[in-house]
Every structure is written in structure tokens, then in C-alpha cells.
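Read from first to last, the chains carry the letters A, B, C, D and E; within each, the first residue is number 1.
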Amino acid sequence: MNLDFATIFGLFGSFFVITIAVIIGGSMTAFYNLPSVLIVLAGTFLVTTMSFSATEVFRSQRLIARTLFTSGKKPDGIAHQMLELAEECRGKGVLQLQNYIQSLDDDDFQHKALQLVVDGLPAEEVNRILQDDLDGMITRHSSSAGILHRAAEVAPAMGLIGTLVGLVQMLSNLNDPSTIGPAMAVALLTTFYGAVLANMFFSPLASKLERNSAEEILTSRIYIAGATSIGRQENPRRLEMILNTLLPPAERVHFYN
Amino acid sequence: MNLDFATIFGLFGSFFVITIAVIIGGSMTAFYNLPSVLIVLAGTFLVTTMSFSATEVFRSQRLIARTLFTSGKKPDGIAHQMLELAEECRGKGVLQLQNYIQSLDDDDFQHKALQLVVDGLPAEEVNRILQDDLDGMITRHSSSAGILHRAAEVAPAMGLIGTLVGLVQMLSNLNDPSTIGPAMAVALLTTFYGAVLANMFFSPLASKLERNSAEEILTSRIYIAGATSIGRQENPRRLEMILNTLLPPAERVHFYN
Amino acid sequence: MNLDFATIFGLFGSFFVITIAVIIGGSMTAFYNLPSVLIVLAGTFLVTTMSFSATEVFRSQRLIARTLFTSGKKPDGIAHQMLELAEECRGKGVLQLQNYIQSLDDDDFQHKALQLVVDGLPAEEVNRILQDDLDGMITRHSSSAGILHRAAEVAPAMGLIGTLVGLVQMLSNLNDPSTIGPAMAVALLTTFYGAVLANMFFSPLASKLERNSAEEILTSRIYIAGATSIGRQENPRRLEMILNTLLPPAERVHFYN
Amino acid sequence: MNLDFATIFGLFGSFFVITIAVIIGGSMTAFYNLPSVLIVLAGTFLVTTMSFSATEVFRSQRLIARTLFTSGKKPDGIAHQMLELAEECRGKGVLQLQNYIQSLDDDDFQHKALQLVVDGLPAEEVNRILQDDLDGMITRHSSSAGILHRAAEVAPAMGLIGTLVGLVQMLSNLNDPSTIGPAMAVALLTTFYGAVLANMFFSPLASKLERNSAEEILTSRIYIAGATSIGRQENPRRLEMILNTLLPPAERVHFYN
Amino acid sequence: MNLDFATIFGLFGSFFVITIAVIIGGSMTAFYNLPSVLIVLAGTFLVTTMSFSATEVFRSQRLIARTLFTSGKKPDGIAHQMLELAEECRGKGVLQLQNYIQSLDDDDFQHKALQLVVDGLPAEEVNRILQDDLDGMITRHSSSAGILHRAAEVAPAMGLIGTLVGLVQMLSNLNDPSTIGPAMAVALLTTFYGAVLANMFFSPLASKLERNSAEEILTSRIYIAGATSIGRQENPRRLEMILNTLLPPAERVHFYN
């Protein structure tokens, strides 16, 4: 698990840019209004909670935290490793894998894939079980990103509701013209908060989760292809060919050439 | 059936937040206007009724009520239970299930699944019937959520129509400038009501229904897998493996390990 | 064919609500402007005609008329009827159906389904022909609803174009400030007409068509299941089981229990 | 190839309606501004060109021209014709078709379908080749409509950009209040042009192309069913039944009854 | 690799049109504001980076550069070439291809397709490997276009956020009425930048990438059909027929007629 500098750099960088723009144009105090913050933050949290369950909303905090890290595993590195294992098993049999498996994290997809091979299940069965596992993972990931996507929809809606509250209050009380400007500035703040929250926080993090999911799906596919091939005791050269159809051209492995 | 605190907490919490924002900024009377309430509430009800049938719209009230409750059944608990039943049937035969079935609610998916096994239908047939049942359930659930999604589209549209009515009335009668502000405030109220109704009521409840449907689909899948496996008289260890591909990693069952 | 009170009640009710709102706020004359009516009504009609063919647009009037009626056939009633026919054919053979068929409307799906069985076609063939028929019906229904969906998109667009025409005219001629308000009111009228036409007429009727189509698809599925089962001379108890996977839980038939 | 009166009537009719609305409200000169025309027309052309290739954009002009015509072939007429050919081939063999084929246009789908039958290819092969041809046609048609859909997205965007240019110019130069109205009128013109271009030209023509494509797909399906049936030397009564599942109820052929 | 004049002409042409519109209406200085440029450019870059990874965002620059070029290979030319190769192999055997392959670029899809045939793999295997390769290419291309589509969503959002910052600053400080106009002009600039960036840069380039991808998929399909046919040692006349179902009517090859 390494820090994902793209997330951190993008998150802090974009908030820094907006802060600079606020400071250049005047004081920051005009951009802070506690009731507006409450409407947007609490409203978004509460409406998102209503859409899902409390457990899922709290789990989404862990999801957000996970976007700050990358697995650090590169698809080509993983493909290379699977080829090495395949080569080794070819000489010495699949039981060789047992030692390697013990060094792996227990909840790992790789651990499960190789364990099934060592357990002597037929290759088709190994393939089917892992494929089902992968399908389940894809469903779970897309429902996780769904919570952040939903929050990205709710935040601007709460911003609009807050601005409408402010506008109605201002318009029904127009006695003193000098208060119109500041009152409208405050009314616009919730729209501003909603736009920032949705576009600079929830939406990009949901995209990031989807992107990380796509990467994890690719590595899982490599593990599935590797385990199935080892289980079938195929020629590793054939595995290399299959893995290279999964990998992007620039990251293809050249183990035998 | 337990209360779903996420729905109740989110619903009351978000209305509470908006109420606080309204009170802080002035009097609540500026936010109440009977004709505006009528346009949005009655309009949304009538247009949604036109889109469906009276039966379906009244049934949607029961649907809304159902979002206030959770089934209280946890997928891992259900999986554990199916494994216990599978283990028991292995020793003493499927007729054992009859006693267990009698304790279940009659309309229950679990009841139907196990009854088919006890009736001695071939496992493939059991699987196909339950799968068709599940497909029907998925269609019905998505059409139920569809009514709330439709209402969430209609409410802001009625709000816009109400605001246009108010604006046209105000603009065609500009004699007294001091009435412009309050008239426009009233015109904006329907947009406000529509936004609140759509974003803080219909949309999150539609999402909740979809989420509850996803959960019910998962539990039904567990029942299908269990009934099919018991019908096939397979080794329950295999059932455990299949159930664990359905369950999220954190909720997997470890019955044999 | 019975009147569909949901359509009639929703249509007249929602127009009644808007009319009341208009009258409460002042005179109705401010809401009537012939050129604005022309831009939106004629424009929507002409652009929708351009998108399809004259035949289809005129046929859409018949479609709109059809949303005012319901078939009056209930899925559970139809399922019950198919079970009775299946029971009868079991005792006396499929030729029994001939008398029953003659009482049916000639263009009817039920007529065609049973005629194929009487004609002695193999059950698989009956099933395939009816399935193809149903697929064709689904395509036609969705293209019919498509015309109303398109009109619901065109109406607000014509409203926007009309409002832009009014705004440009008003702004390029600002000499007399007292005319600004009324001129802008007139400009907003096309947006109002477009919003009403789309949200209170075309969109709900398109939804209604889709809903009615879903109902007709369900009854067709029941006829297909029935005809196939009778053709196969299966036990009607099996047919009951199949029909109950198609029907929602509350409408399931209990013919044998 | 007959003129498609729906396209011509809709196109000229809707522009006529807008022109009348413009003339009633004042002079037409307020609605003409050369730079605004350039921004929207040239901008839409250039950005659409950038999205595709020059060839495709020029080909789209031919596509637009094609929406002015209909093929003039009615699906039921074509179905009748295929039944006559099938009847004839049944008596005198497929070589009979050769004379008929020579009267057809060379690039025609019908020509190709029948030629494959005359060439003596197996019916399954004929079916597969024609189906591949149809799939290719569907892809090409949808990519053609895609250019017009894209232009319908670009036009309002260029209108918005033009209005923003006008607003910024007006606002940064507010010395003479009497110029504000006309300047804003000019700024709104690009939005007006963009809305007209998208909603009264590109969007309906894209819909028309899709509708015409659906019609051509239906006639192609009739040719495929006919050629396959003739190739199989099936009973033409069976062909009639298959063709009637493709045709809408009102247009079904009754060749044998 | 030839220059893609459509991209270059569209890109420079549309920016030229906007520049002319800006100059006609006044000075260009009103349209330049460094903080606004920073908010939109830096904000879009940072938020897009957050959504993906740094590697992918930098790779997208290469993608943008690639839209300036076309492969220069025409589908009909490629189809003709495959037919020539098939004709040659028919006479002299597939080993003939070896010389031809050596003249090709190493990373080329054509190189790989023909090499597999020369290596003597069974035709079905060749077909499957190339098809997997093509599927991988389609996934990669759509994820590449996804980065530009995302940037096209982010740019107007950053423009809106910038405008809200400007409006709040202006409204909370309304002392001097003469500054309102220019302050609002500056506030609108970020919306203008965002609209230009999204609609005249990111969106059309994303469409271009998708269009180029569709072209590359077509040429790959031609290579797959050719290699499979050569591997099967089929009659090249049959290959011609298959290739002509892939090619649009106007570009079909007539090698044997």
C-alpha cells in the first residue's frame, strides 16, 4: 500500500487554487457562513444516509480513505510473477506453490486462486469459482462507488435548497436595499459549497474508486488466467500469450523472448 | 422487521436541518403558502397517478412505509442457516426440512425454496423455478422504485410550473414596486417545495428501495444456492464455497474452518 | 375496454390545480397569448412530425386516446382462465378449444396462441412464433411511446425559443420602462406552455403507454405459457407453478390448492 | 424515392412559425446579427468537423438530403412480393429468380439476398451473410445519426459561448445605460440561434435518420426471411407466418387466406 | 501517419471564430484574467488527476497529440491487401508471408495476426487470440476517451465554481455601483473559459478518439478475418464476401469481379 499522490495532489491542489482565488478577491470571511455549511454538509450526509444504510455510509468513509492509497502492484509485475510460478510448477509440480502461498495475505485473491490449484480442483472448476468471485467483487465495487456518486448528486441539490431558503428570506424582507447584496452573497454560498463538495470531492473520488476497481479487476484477471493455466499444466508460453492480450501494449511481458 | 434507523434519522434529520436554517434567517411564515403547497403536492400526486394507475400509486404508499423497516436478516446469518440445514439433510435426508418449513412465513421465498426440495423436484427444476421467481421479483422491485423516481422527476417540474405562474402574475402587474420582492418570494416557494420533495423525500426513498431490493436479491440468491445444493445432495463444503462467492469478503461464513 | 380513471383524473385534476393557482393570483387573461400558444403548440407538432412521419404522428393521436382506456383484463383472471382451458383440454383434447376461440376477437393474441395449438403445431414451434410476436409487439410499443417522449423533449425547447424571441424583442426596445414587466411576462408564457405541455401531458402519457405495454406484455406471457403448456399436454399443476412465477405475489392464482 | 412531406412540412412549417412570431413582435432586423450567425454556424461546423473527419461531415450533408426523401417501399408490399417470389420458385425452381434480379438496382439488399439464393449457397449461409450485412448497416446508420446528434449538442454550446462573449463585453463597458438592452439582446441572439439550430434542425433530422434506419432494417429483415425461406424451399405458408411476426398488426399480409 | 486536417482545421478555426467575435465587440483585454485562467485550467487539471492517476493524465497528453494524426490506412486498401496475401498464400503456402511480415512495424496488429498464421496455429486459435486482443484494445480506447470526457465535465464545473466565487465577492461588497459591471464580467470569465475548454477542446477530442478507435477496430476486424481465412486455407472469394460485409457499401472491394 503506497500513498496515491494523484489523489492527494489533486485534492489539496484544487482546494488550494480555490482558496487563492478567494484570498485574491477579498477577505475569506465572506465565504464562511455556519448555517450554510450545516445545510450542505449535514444535509448531504443525512440524505445520503437515508438512501442507503448507516453501515454503508460509514463504510464509505473507509472507501474514501482507500482512494488515498494505491496497491502498488503493477499488472506487468504480477503477470511476470505468474509466469515464474507457472514455470516452476511445470518442473516441480503444483505442490511447490504451498510455500509461496504461505507468504501471502490471507484475504488475498491471489492466495485463494493458488490455494484452489494446490487443493487439486479441476482447472475448469478453479476458473468458474474465481470468475464468480470476480463478478461479486465487480458488483460490490460498483455499489461502493454508487454511494459517492449519490453524494455527488445530493450535495448540489442541498446547495440549491439552501440558496432558495436564502432567496425567499431576502425577497420577503426587502426594506433595506443595502442588505440585498450581502444577503444574496450568503444565499449563493450554499450553491458554492454544494458545487465544491460535488465536483472537487465526491465526483473525483467516485471516479478514482471506479478506476482502482478497474485496475483490481485487471490484476484479478491475471491471477485467474495464471491459476487456470497452472491447473491445466499448460505450456507457460501459452500463458504468456494469454496474459499479453490482457495487458496494454506498453506493459506486455516478454518472459520467453 | 426492525425499524430502519437510517431512513428515519435521514428523513427527520434533513427536514430538521432545513427548518433550523429557515428559523435562523427569519420567520417561518414566509415559507408557507397554501396555493404553492397545493400546486406542488397535488400536482405531483395527480401527474404521477396519470403516469401509472391508481392502484400502483396507492401501493407506492405501502412501499414508502416499507423503507422505514429493514428485514433484519443478515446475509451471513442466512448463509450460516442454509449450511446448517444442508448439514442436517445430509445426515437425515431432505424430509427433515418439513418441520423447519412449518415454522416459516407462508409467502416467504425461503419457504418456497425448501418446499420444492422436500417435494422431491429435481435440483435443476428447483433452480429454474426459483430463478424465474427471482427474475419476476427484480422486475417488480424496479417498477416499484420507478414510481418514486417518476415522482422525483415530477415534483421539481411542478415547482417550475408554479414559479412560472407566480412570475407571470408578478410581471404583468408591476405597479407597486414594494410588492415585487414578496411576490417573487412566493413564486420561488414552489421551486423550493419541489426541490425539497424530490431531493429529500422521493429520490432518497427510491434509492433506499433499490438498495433494499439488492439486499433481498442477495438473500434470495443464498436461498437458491442452498436449496439447489440440498436438492443435489452435494457436500455442504461445496455449498460454503459457493455462498462465499456471493457474500462480501467481510461477511463470509466459516462453517467448516 | 373500461375508462382509465387514473389518466382522466390525473389529466383534468392537474390542469384544474394550475387553473386554480392562476385564478387565485389574478386574472386568467395574463396567461393567454395567441402567438405564444402557436409557437409552442404548432412548433411542437411540426418538429415532432419532422422527426417521424405524418402517419406516425397521426397514429400517436390514437395512442393518446388509448391511454384513456384500460383493457380491463386482470393478469390473475387470465391466468385462471388459462388453467381452466388447460384442465378442460386435458380431459377432452385440444380440439375442445375451437369453440372457445370462436368467441374471441380475431386480432387477439389469445386467439392466435390457442389457434396455433388447435392447428396441431409442435409446442416448441408455438412457443417460438408467439415469442417472436411478443418481441415485435415490444419493439412497436417502445417506438410508439418514443413519439410522445420526443414531443415531451420538443415542447420545452420550443418554449425556450419562444421566450428568447420575446426577450430579444423586449431588450432591443427598452424605451418605455413600464412595458418591461408585461413584455417579460409574455416572453415567459411560452416557457410556461412548454413546461405544462411536456410535464403534464406528453411525459405522463408516455409513461402510461409504457406501463400499459408492460401490462400487455405480462398478459401475453401468460397466454404463451398457457398455449405452450396445453400444446405439450403437461399437467396443469405445472402450468400453475409457471404462471405464479410470472404473477406478482398478491395476484397469484390458487387453482389446485 | 418520393419526397418525404413530413420532413419538408415540419422543417419549413416550424421556421415559418418562428418567423411569424418574430414579425408580430416587431422588426426582423433585431434578430439578425452577422457575428452571432458566424459564431454559431461556423463554430458548430468547425467543432463537429473536429469531432469526426472532413469526409464524414461532408457525407452528413448527403445524409441530411436523404431525410427529404422516403424509399416509398411499404413493408407489407415487400412482404407480399417475397411471398409471390416464394410461390413462383416453389413451382419452377430458384433459377426463376434470375430474370427478376436483373430488373433490380445493383447495390440493393434485395438484389444481394436473391442472388445468393440463385448462386445455390446453403440457406444457413445465406442467412448468416445477410445478417452480417444487416449488422454492418445498423452500425453505419447509427454512426451517421451520431454526427447530427453531435451537431445538436455543439450548436447550443456555441450559442452559450457567444452569449458569454456578449455579456462580458457589455458588462465590462456599462458607461451608457441606454445601450445595455440592445447589447444584451445581441448577446442572447447566439443562444437563440443555437437553440433553433439544435432543436428545429439537427435533432429532428437525427431522429428522422434513426426512424428511416428502423424502416430499412425492417425491410431488410423481410428480405432475409424471404431469401432464407426460398433457399430452404419451405412451404410459403410458413414464410407468411414468419413475415407476419415482423410486420405490425395493421400491415400484416393475407396471401393465403 | 498523416496530419489529420479535420482536427487542426476545426481546432484552430473555432478558436479563430471566437477570437474574431471578441475583437469585433471591443478589446481582448476584457477577456483575460489570470486568476480566472488559473481556477479553470489548474482546477480542471488537478480534479482530473484526482479522478485518475498521474500516469494516465500525462498519457492523455499523448492521446491528445494522437488526434492530430490519422493512420492514413484506408479500410478498402487494407481489405485489398489481405485479399492479395490470401491469393498468394493459396498458391505458394503460408510461409510466403514471412517475408512480408518482416517489412511491418513490430507492434502492429497486422504483424501479430500474420505471425500467428505463419507459426502454424489452428485458425480457430488464431481467431480467438486476435479477438481477445481486439477486446482489450476496445476497453483501453474507451478508458482513454474517458479521461477527456471527464475533463470535459470538470471544466464547466470549475467555471461555475469560479463564477460563484466572483459573484459572492461582488455581492458582499456592493459599495461602489460602478464596479458591479466589470466585477460581474470577471466573474463570468471562468464560466466562459470552462465552456470553451469543454466544448471546443476536450469534448471534440474525446469524440475524435472514439471515432479513430472505431476506425482502428474496423481495420483490426479486417486483419482478423484475413488471418483466419488464410489460416483455414479457404477460397479467397469467400474472404472477399466476408470483408464486404464489414466494409461500408461505397468502399467495398471488387477483387474478383
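Just a few scattered comments:
One rule holds in what follows: a contact is a pair of C-beta atoms (placed from the backbone, for glycine too) under 8 Å apart; a residue touches a chain by one contact, two chains touch by 3 or more.
Because the structure is predicted, anything quoted here is derived from the model rather than measured.
Any chain touching subunit B that also touches subunit D appears here: C. Because subunit C and subunit D carry the same sequence, their contact can be compared by residue number, and under half of the numbers here are used by both. Inter-chain spacing, taken between the CA centroids of subunit C and subunit E, is 41 Å. Put simply, the C-alpha centre of subunit A and that of subunit E have 25 angstrom between them. Among all residues of subunit E, none touch two or more other chains.
Contacts between chains close into a ring here, every chain touching precisely two others.
Following neighbours round the ring, subunit D first and subunit E right after, the list reads D, E, A, B, C. The touching residues of subunit E, counted against subunit A in their complex, run 35, 38-39, 42-43, 46-54, 56-57, 107, 129, 132-133, 135-136, 140, 143, 150, 153-154, 157-158, 160-162, 164-174. Residues of subunit B that touch subunit A in their complex: 4-7, 9-11, 13-14, 17-18, 20-22, 24-26, 30-31, 70, 178, 180-182, 184-185, 188-189, 191-192, 195-196, 198-200, 203-205, 207-208, 211, 214, 241-242, 245-249.
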